[in-house]
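Everything on this sheet refers to the single structure shown next.
As written, the chain order gives the labels A, B and C, with residue 1 at the start of each chain.
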Amino acid sequence: MQNPYLPREAEIVERVQEAPTIFTLKLRFTDPAAQGAYGYVPGQFNMIYLYGIGEVAISIVSDPDETETLDHTIRAVGRVTRALSRLQPGDRIGVRGPYGRGWPLLEAQGKDVALITGGLGCAPLVSVIRYIVARRERFRRLLIMQGVKRSDDLIWHEQYQRWRELPDTQVLLAAEVAEPGWTWHQGLVTALFDRTHIDPGQTIVFLCGPEPMMRASIYELGQRGVADGDIWLSMERNMHCGIGHCGHCMIGAPFVCRNGPVFPYPELKALLGKKGF
Amino acid sequence: MDKKLRVAVHKFSSCDGCQLAFLNAGEKLVELFELADVVHFAEAGIVDPDAPADLAFIEGSISTHEERERIRRIRENTRFLVPIGACATSGCLQALRNQADAARWFADVYSDLSKIDHLDTATPIAANVPVDMELWGCPVNTRQVMATVSSLLLGAPPRDENEKICMECKRKNIVCVMVAQGQHCMGPVTRTGCGVLCPGIGRDCYGCYGPAENINGDSWGRWFEQKGMPAERIARRFRYINSEAEAFREAGKRWREKS
Amino acid sequence: MAERRNFLPRSEFPRLLSELISAGYRCIGPRVRDGAIVYEPITGVEDLPQGIHDLQAPGQYGLEQTAEPRFFAWANGPQALRPLTFAGRDKLWTAERKADGSVEFAGESPQAEPVAVIGARACDLAALYIYDRHFMQGEHPDPWYTARRQKLFLIAVHCTHPSLNCFCASTGDGPRASYGYDLALSELDEGFLIEARSEKGERILAGLPVKKASAEQIETADREIEDAGRRQVKGVPSRNLKDVLFARLDHPRWNEVAQRCLSCTNCTLVCPTCFCHSENDVPSLDGSRSEHYREWDSCFTQRHSYIHGITIRPDTRTRYRQWLTHKVGSWHDQFGRSGCVGCGRCITWCPVGIDITEELAAICR
């Protein structure tokens, strides 16, 4: 019987420092067959194993069709991620995955797609943006709204600049605390709703970020007539196994690792924002 | 690794027992000396107390003026500082004086008090200098200290073992001595790490690893109070080896006030 | 069903063990250790707890020796099938780091020997059915659980001596074992009624010197089981409390129970359906090798809900609520039934005697 907990060795091909505590690791399986066989959907995640220290769940930020590397953008906050941040190209780690339900990209075809993110919540959606940009004709309007606490926290400036040049694409950024030179909005990401138009019934919304930010966004979307079923969100919880066995990541009945991390809002509505779940 | 990890083991007010976690480590001790530069470890015969270290294990509490100065110097010379054992994490037995008439105790024991250099209280290391993590236990064991070294060598501090003793008892299929035998086991309020030494041989845990996270000393005590245990005895369960650990100190105070 | 039952005289009971042993099974059964009934290897019927009664109350467990001839005149002990299938700690794999920095992963291949468990209770079998679904029947079957589970031969003993903490009748899981066993026994003073429910069971039964059970024996056995259900003093307010519990997440009782709860995890670690576990690395000192383990965890720990600097359930109130709303609430969505099988272990082995049935009654009233 296959051991579902066993990682495969991967090599760090490139390391990019995105912000003082945020970095991207571009990975490649050392076994070419494993690299060739690996496929995923934007929104899915991998369990990244640091030798001798442990595993941590990280979402995949690359486009599924870029098969050269497998990219993970990570904030150094915990025991494992801080140690991961010290790794360099050539270092070996373990990877197992992909796990979970990704973003509903088939359902999004032919619709306006609004991507609303906060902080490093943009990471799980970057894969979606890359996916849509590469297949632009299949989707209607693309709206990207990203908020950060401090303007210095914004990563991927150049990409945002590039994406805003694309046809029928709107990029809106907000920082609660703006440093000199910040040309975007100062305030909460939810204030950006007044600077755009959302066409209810024609729009599918993908949310990722801190839960208060997602709840505030859901409220704004409701005010604008967007149906609950058109709102999808990506959740984060403690994950040890990644395959629905260990029980840490449950929010009520759903296992975030198996039934999520991407959920249609109605599946979480009852418990979202309820302290302790 | 081109540069070896510099490790120091320092001693303050203590019984020296925690240092045995290293000295009794057998092959692991040999391995440690190969992997690291042990720059100071008086009990092992290496004496250079002011040597800069990447990792310093500190045994003992701060009980004298000299110790208070010395721990500050060590902190300045150390990158990652780890108090080990009950003395260093909670003051241990000598900290019982903090809640008692210490002056009388000194007078009862010593004929000439002018020769005694002591602070009014015996305090844990963290009450004197910032610490990077703590290893609890009276004494700590080889697994704990070596896990700290190996984890740091790999680039991360070891996981904080803050769970209750009960978890390890259950994993090892040890029959609960509190429920099945009515023993006054402190497992439900005590931090894991010892490998359930006491319940493993059929006796109650007496809390030598200090408080676990999120303990409920009031409920624990009420259970035995209902069974006829006097409040003063309940208080003494908390006011023992780790009397200065906050959660035990506060629980002990409340039970003493009830007595 | 009654007419299929056979009678095995008490004097021939050792034959059951010898049949199992000659069929290649290691026998695990109830025996007394450290003041409790535990399921451990037995070599003969003399290891069984003959004449032993268990005395259970919230937070209390005791044994009493009587002169009665029965081996199974008690309800249960702290554990039964859980550690035999989902062990307290398992090594999942080992990572070796070579001199060139490469890391090689080697998975463990769990091996299990055939094990016959004598004396599984109806509640234990109901719980095992849930474990089967959780560990074995999903997209990623667990190799450790599966290996052990597939080698189990289960001999149920219908319960005739419920403890004061038992409430399987109200959850619908006992006291009669109705599924999930190879052989089932009803114990009478003079011997055992025995029935097979699987081919494996039939094969063992065929080797035993049984005779047809008398109508009177069958009636006595059935009556004792029915009485065992009727004698239970505790119960759940309803078999599906999902909606009512989730409607009362702010009930003051959660605060009240948190004043008593030690957050010590004992309830979850004796529960035969709790499945939470954590994964940990144990690296060697020289950095060449790291072993990766999984071990029992609990929703009552801080670490259970920790994620990048935030503990989602920082206090006992939210942890106890997580346990109960999952166990008898959201469990229905995951498994199509409650996660409580009425074994009463969480009541007995709670060091301060918190009673799940009382808490449910107070919250769902």
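The rule is short, and it goes like this: a residue touches a chain if its C-beta (ideal position, glycine included) is under 8 Å from a C-beta of that chain, and two chains touch if they have at least 3 such contacts.
Remember, it's a predicted structure, so these values are computed and weren't measured experimentally.
**Q** Take each protein chain as a node, join two nodes whenever their chains touch, and name the resulting shape: line, ring, star, complete or other.
**A** Topology of touching chains reads as complete, every chain touching all others.
**Q** Could you name the chain whose CA centroid falls nearest to the centroid of all protein CA atoms?
**A** Ranked by how close its C-alpha centre lies to the overall one, first comes C.
**Q** Does A-B or A-C have more contacting C-beta pairs?
**A** Between the chain pairs A-B and A-C, A-C carries more contacts.
**Q** In angstrom, rounded to a whole number, how far apart do the mean CA points of chain B and chain C lie?
**A** 37
**Q** Just curious, how far off is chain B from chain A if you go by their C-alpha centres, in Å?
**A** Each chain's C-alpha centroid was found; their separation is 43 Å.
**Q** Report the inter-centroid distance (CA atoms only) between chain A and chain C in whole Å.
**A** 40
**Q** Which positions in chain B touch two or more other chains at once?
**A** In chain B, the residues touching two or more other chains are 150-151, 154, 159.
**Q** Among the residues of chain C, pick out those that touch two or more other chains and give their numbers.
**A** 280, 283, 287, 297, 303, in rising order.
**Q** Multi-chain contacts in chain A: which residues touch at least two other chains?
**A** 51-54
**Q** Which residues, counting only chain C, touch chain A once they are in their complex?
**A** Touch residues, chain C against chain A: 92-93, 95, 97, 101-105, 107-109, 134-135, 138-143, 146-147, 246, 249, 275-281, 283, 287, 290, 292, 294, 297, 299, 303-309, 312-313, 317-318, 321-322, 325-326, 329-334.
**Q** What residues of chain B sit close enough to touch chain A in their complex?
**A** 150-151, 154-157, 159
**Q** Contact residues on chain B for chain C in the complex?
**A** It comes out as residues 28, 31-32, 35, 146-147, 149-151, 153-154, 159, 162-164, 166-167, 170-182, 185, 187-189, 202, 213-216, 218-220, 222-223.
**Q** Tell me, which parts of chain C touch chain B in their complex?
**A** These residues of chain C touch chain B: 33-36, 38, 59-62, 78-79, 83, 88-89, 259-266, 269-270, 280, 282-287, 295-298, 301-303, 314-316, 348-353.
**Q** Which stretch or stretches of chain A touch chain C in the complex?
**A** Within the complex, chain A touches chain C at residues 1-9, 30, 49, 51-55, 75, 77-78, 81, 90-94, 236-238, 240-241, 243-248, 250, 252-253, 258, 270-271, 274-277.
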